[in-house]
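Below is one structure, written out as structure tokens, with a few remarks after it.
We just call them A, B and C in the order they show up, numbering each chain from 1.
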Amino acid sequence: MSPAIFPATTIASKLTGVFWRHPKLLLGLLLTPPLLWLGVIYLGSLAALLVQSFYSFDDFSGLVIPEFTLTTYAKLASPANLSIILRTLLMALAVTLASAIIAFPVAYYAARYALGRWKAVFYLGVMLPLWSSYLVKVYAFKLILAKEGIVTWAASATHTDWLLNAALALPFVGGASLSSSYLGTFIVFCYVWLPYMILPMQAAIERVPVGLLEASSDLGATARQTFWTVTLPLALPGVIAGSIFTFSLTLGDYIIPQIIGNSASFIGMAVYQLQGTAGNVPLAAAFAVIPILIMLAYLTLARKAGAFDAL
Amino acid sequence: MPFNASRRLKVAAAAGLAFLHLPIVLIFLYAFTTEERSFAFPPPGLTAQWFAVAWARSDIWPPLILSLQVACVSTGVALILGTLISAAMAGAKFWGRESLSLLVVLPIALPGVVTGIALRSAIPMLHLDFSWITIVLGHATFCIVIVYNNAVARLRRLSGAILEASADLGANAFQTFRHVLLPNLGTALLAGGMLAFALSFDEVIVTTFTAGTGAASKTLPIWMLDELIRPRQRPVTNVVAIVVFATTFLPILAAYYLTRDTSDSPIASK
Amino acid sequence: MPQTPAVTFCAVTRHFGPVKAVDGVDLTVAEGAFFAMLGPSGSGKTTCLRLISGFERPDHGAIHIFGQDVSAVPPHLRNVNTVFQDYALFPHLSVRDNVAYGLMVKGMGKAHRLAKAEAMLDLVKLADYGARKPAQLSGGQRQRVALARALVNEPKVLLLDEPLGALDLKLREAMQDELKALQRRLGLTFIFVTHDQGEALSMADSLAVFDKGKIAQIGTPAQIYTQPATRFVADFVGSSNLLPPALTLALGGPAQWASLRPEALRLADTGPISGVVQSQRYLGTGTRINLTLNGTDLAAFVPAGSPVPAEGSQVTLTFAPEALHLLGDAP
């Protein structure tokens, strides 16, 4: 006769019994190392950042004064700094809109029409640029947008120089060449963040039941009406999910505007330069708090719009 | 298929994909150009000499080795911590579960410059010197989520009852981990590790904040960034770009094949 | 010497926050019984099963398995095995390795355990399927693998959580017979959870009916069916006419809730019940007619072969006095 209860013979078996009697113990053992890392190193750093933003910086001695003050935030509100923030926000907005427009046909085709082998091609075709080296992608555009580069060559080969020159002659966004204008910065941002927009969009469109589209056309809607009244509203959570990435990434980037652009400052550049050469960590920290606040507000709005289901 | 794609949609989709890929092709082309001072197109001539030049350049090797070292250690740390979190998540529901998953995602949800400046301002407070270890500190933090996302996507598809079934059949916790959890999570963890490696290997934004200034903490992406700002032999930079591209491309492809049969797309969750 | 029961619950309670999933349950399952836990979803029956396997721990009360208190015994040390609702087969292992898993973790040698697994697969008529993966099997086959995987460990008690729930009707009926035969042959204690009263009545030696975390009644299928203890049991098991106290009084009983099975009502020339047939439903073995008496809906069963009164016609019904079964609910 076999027993109804087996004895715990090994240490592993006894420990399992201890874990079973004290479920919190196992959980605690599993979570202690990651919580130490993320909680102490990461959250601790964020807290340090927040604390530093309430310190001030003495311009004459070049030292940080570790006393609570709001003067750093007051400096942040100076016209020069506000224009940096506004410029960054406008760029993030423009990049998000343009990415959504470029991404839509790719996402729509991949979600609705690509089958089997082509589905894999589209998937990899978006996934590889997403994951491949950021710096290599930025570098590629330095080649492309350079004055002597392929864009200028292609424009003269197709006799569309006038179009390129007209774009560069535009006030504000234009410049001497694409690689030294807002237009160039904008193009590179769109390129680098595009895959982040395509993937959630595709996922959202895939979730729109084909039956709904058929129902819409059954009820007499034209293809255009179906698109505007059925497909787009249902795909919107995906667009918002994608925009979280394009917006957040543009807000914080400081390498693209440094390499391609007219050397006007963006939030990321301000953070990098202030902490680096100037050593003004408090102001850099205060600048960094801006994208955090913007993203928290954006995430709250996106959650309300149901975008997290599409992530 | 209920509808046929219009020609306009096809062209737009193809153009979108081409926009994503053509720039990378140009990187390869310019590695063979004979013009080293500008990015003239079309290249005046083609040569393979830059590969030999790059090989002989002594300033490329230390950054390459440092980058590999950082990526390996960061991936290791991320694999351990990511596996621990997903093992905890595989078990019963617990208080704070939602907050924990938010905490894991935060390092990539916030802009890299925030993570960078945060670590930058915290490291001196801890009286740590900037070195390759502080680089790992930053990299591992945002690599955890990559491993975790892959593992969680897999866990979601597994029947939760298989862990109970294992205990029911007499397995202790360690046997369940080894014989049930690991085999089922294995490829997802491996794929997560591959992606974490790729991400760490070419990361530059956080790295510039945590690397310090010495030559000893110059990773390959930082070397590239310097070349982008102050170009010397431009085609050599292209050769290095190809190396960086290949070093990240192969693990990504491997991750894709490891998770391909599993219908969900965990590597989409960068 | 009295036989040690296979499982006993003594005032067992399990709460999930404010929800009392199991609320003061006392229970005895005899060795060798085919015991059913019947109830609607959320009635606590599955939690009781999980308390036996050890995946839940009682907040109060004690559980004994073959006389031994298991309050400190983790699941892997209980010689009890479960057939899970969705089978929970290991997707990465072959059918053979799934079945041999329990023997492997207990340290049995490879040749020995694989031989035992094959023998068990033979018993559940899956002899040629050992090399397949669970994903390559049909629902019914997976169910058998889950059964073999549990039985190969020779457990003292086999727990089955809605084991036939995922199968289609035909297969479910065939499996009911097979399970019953298997239990007889092995002489094992089976405890199975179901929400299907037909399944519980036809398979179990005895059953417990669960309602809101408590046991409403324990008994043999015949006892439960003919002598339901409460309105809930009368209504949930089979179909029954529930008579409110006033109606029971009018029909010659005390002023108490009572139940009257439809098949106990007969068409007659005179009788205490008369009314107009409002609807009828053909059931194959007979026809059910519905009428209303003093505001209470009543159903009567007319066996096949007897003339069925048309809808709208006036009928009179009678019943044997002993068919009026009084219920324990407060009036």
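The definition used in the following text is that contacts are C-beta pairs under 8 Å (C-beta built on N, C-alpha and C of every residue); 3 or more make two chains touch, one makes a residue touch a chain.
It should be emphasised that the depicted structure is a prediction, and the values quoted were computed from it without experimental measurement.
Put simply, the chain farthest from subunit A by mean CA position is C. The pair with more inter-chain C-beta contacts, choosing from A-B and B-C, is A-B. Each chain gets a centre from the mean of its Cα atoms; for subunit A and subunit C, those two points are 55 Å apart. Here the CA centre of subunit A is 15 Å from the CA centre of subunit B. Put simply, the C-alpha centre of subunit B and that of subunit C have 53 angstrom between them. Multi-chain contact residues of subunit C, defined as those touching 2 or more other chains: 54, 74-77, 80. Residue positions 6, 13, 16, 19 of subunit A are each in touch with at least two other chains. Multi-chain contact residues of subunit B, defined as those touching 2 or more other chains: 167, 170, 172, 175.
Those residues of subunit A whose C-beta lies close enough to touch subunit B in the complex are 6, 10, 12-13, 15-16, 19, 23-24, 26-27, 30-31, 33-35, 37-39, 41-46, 48-49, 52, 102-103, 105-106, 108-110, 112-113, 115, 120, 122-144, 146, 148-150, 152-153, 191, 194-196, 198-199, 203, 210, 213-214, 223, 244, 248-249, 251-255, 258-259, 267-268, 271-272, 275, 281, 284-285, 288, 291-292, 295, 299, 311.
Interface residues of subunit C, counted against subunit B in their complex, comprise 53-55, 74-77, 80-82, 84-86, 88-92, 101-102, 104-106, 149-150, 153. For subunit B in complex with subunit A, the touching residues are 1-5, 9-10, 12-13, 15-17, 19-21, 23-24, 26-27, 30, 38-42, 77, 80-82, 84-85, 87-88, 91-92, 94, 100, 103-104, 106-107, 109-122, 125, 137, 140-141, 144, 167, 170, 172-175, 195, 198-199, 201-205, 208-209, 221, 224-225, 228-229, 237-238, 241, 244-245, 248-249, 252-253, 256, 260, 265, 267-270. Every residue of subunit A that touches subunit C in the complex is listed here, in rising order: 2-8, 13, 16-17, 19-21.
Of all residues in subunit B, only 158-159, 161-162, 164-172, 175, 179-180, 183-184 touch subunit C in the complex they form.
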